[in-house]
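Everything below concerns the one structure shown next.
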Amino acid sequence: MSDWLPSLKTKTPQEGYELAILLARKAIGYTQPSADVREKLRPKYEEDADSLTLASQVVAIHYQTVAAANNYWQ
Amino acid sequence: MSDWLPSLKTKTPQEGYELAILLARKAIGYTQPSADVREKLRPKYEEDADSLTLASQVVAIHYQTVAAANNYWQ
Amino acid sequence: MSDWLPSLKTKTPQEGYELAILLARKAIGYTQPSADVREKLRPKYEEDADSLTLASQVVAIHYQTVAAANNYWQ
Amino acid sequence: MSDWLPSLKTKTPQEGYELAILLARKAIGYTQPSADVREKLRPKYEEDADSLTLASQVVAIHYQTVAAANNYWQ
Amino acid sequence: MSDWLPSLKTKTPQEGYELAILLARKAIGYTQPSADVREKLRPKYEEDADSLTLASQVVAIHYQTVAAANNYWQ
Amino acid sequence: MSDWLPSLKTKTPQEGYELAILLARKAIGYTQPSADVREKLRPKYEEDADSLTLASQVVAIHYQTVAAANNYWQ
């Protein structure tokens, strides 16, 4: 896979949050490399509350990492 | 998306908790940008105990981050 | 919502545990503000082993935060 | 509830693990105070692999806390 | 239960990983002490992808603890 | 099992992420040693959004460990 993660540093807490979203999504790309399949899964997934909460949980875990890497943007 | 997260600092532990709730919800907004769809999911979700507990779990993970960022409001 | 979380400090590890339970429950109150609906969900929830374990998990995550905030009561 | 958690300190890593099990179980007691109901739930729960794994997960989270409180028994 | 966890220290990251697997399994043994029942659950469990992922998650949580205890084998 | 984890150190955040994926997968190999069975599980698993998210969650937990081991590649 090409370079997609040069650093965990971001300028702001919000950019860090967006990086956490990217980190959560990338694992899915590594496991299911077909963009077509991933597109097919999206509609069902995006309209299921528990699926959305589960995805939000993965973002939360990555955000802990990104926030620590940025010393909580202090 | 417009600026919504200028800082992880809050004045009190309770404001930090409310920020954790915001952090948990925002990931859902990034994944399902349609407010209409999110509204449609709400009734079922809000009356399911496991869905509520799962949402509470995401808040708990973010609260770890926010509390650390505020040095536990010591 | 009125003030309910003045501090993460507690006198003992057990009081910290009870605070973690409060933290876990509060997120549910923020998401489902109706006490009536929450009461309605309780019987099913309280008699489902996996629901109870899931709730215990949220307490465990918050307890990490509370314990760290209290320097593990050392 | 009577005193059940005087300290997070234990003499050995294994005693710390057993404390983590206690911490995981206590949250269930707080949520479902009836020992009769908890007994009734046990048979189904103890013979379901995913229920057992979920319980093991809560122990793992508490063990992080207990291990940190004991400076990893170094 | 007899002594099974004298220390969280291991010589290598891989031995630490194997200790994390042991830690994940032990909680199941404490909850379901019957080796016969555990054997009976194994076939279904070992051929269910989500069960395997859930088990992998518990290992991941314990590995955080073991890695911290070993200062990440630096 | 042969040596597969000599170190948690990686040169870049992205290599660390790929190590986290390896760590997530290895636990499945320890639990289900048959590569044939694992292959059989793959198609169903790779086309289920929640299975993919659950797998992404395990990667997120391991990535916390790897990132800490590398001092967040600072």
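The letters A, B, C, D, E and F name the chains in turn, as written, and every chain counts its residues from 1.
One rule holds in what follows: contacts are C-beta pairs under 8 Å (C-beta built on N, C-alpha and C of every residue); 3 or more make two chains touch, one makes a residue touch a chain.
The model shown is predicted, which means the values in this text are computed figures rather than measured ones.
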In contact with chain C and chain D alike are the chains none
For chain C and chain F, which third chains touch each of them? none
Specify the chain most distant from chain D by Cα centroid. A
Since chain D and chain E are copies that touch, just let me know if over half of their interface numbering is common to both, same, or not, different. different
Centre to centre, by mean C-alpha position, how many angstrom separate chain D and chain F? 27
Quick one: report the Å distance separating chain A from chain F, using the average Cα coordinate of each chain. 15
Return the distance between the CA-based centres of chain A and chain D, expressed in whole Å. 31
What positions in chain B touch 2 or more of the other chains? 50, 54-55, 57, 61, 64, 68
Connecting every touching chain pair, does the picture come out as line, ring, star, complete or other? ring
Following the ring of touching chains out of chain C and into chain D yields C, D, E, F, A, B
Chain C touches which residues of chain B in the complex? 12-14, 17-18, 21, 46-50, 52-57, 59-61, 63-64, 67-68, 72-74
Parts of chain F lying in touch with chain E, wherever the complex brings them together: 3-8, 23-28, 30-32, 37, 40-42, 44-45, 50-51, 54-55, 57-58, 61-62, 64-65, 68-69
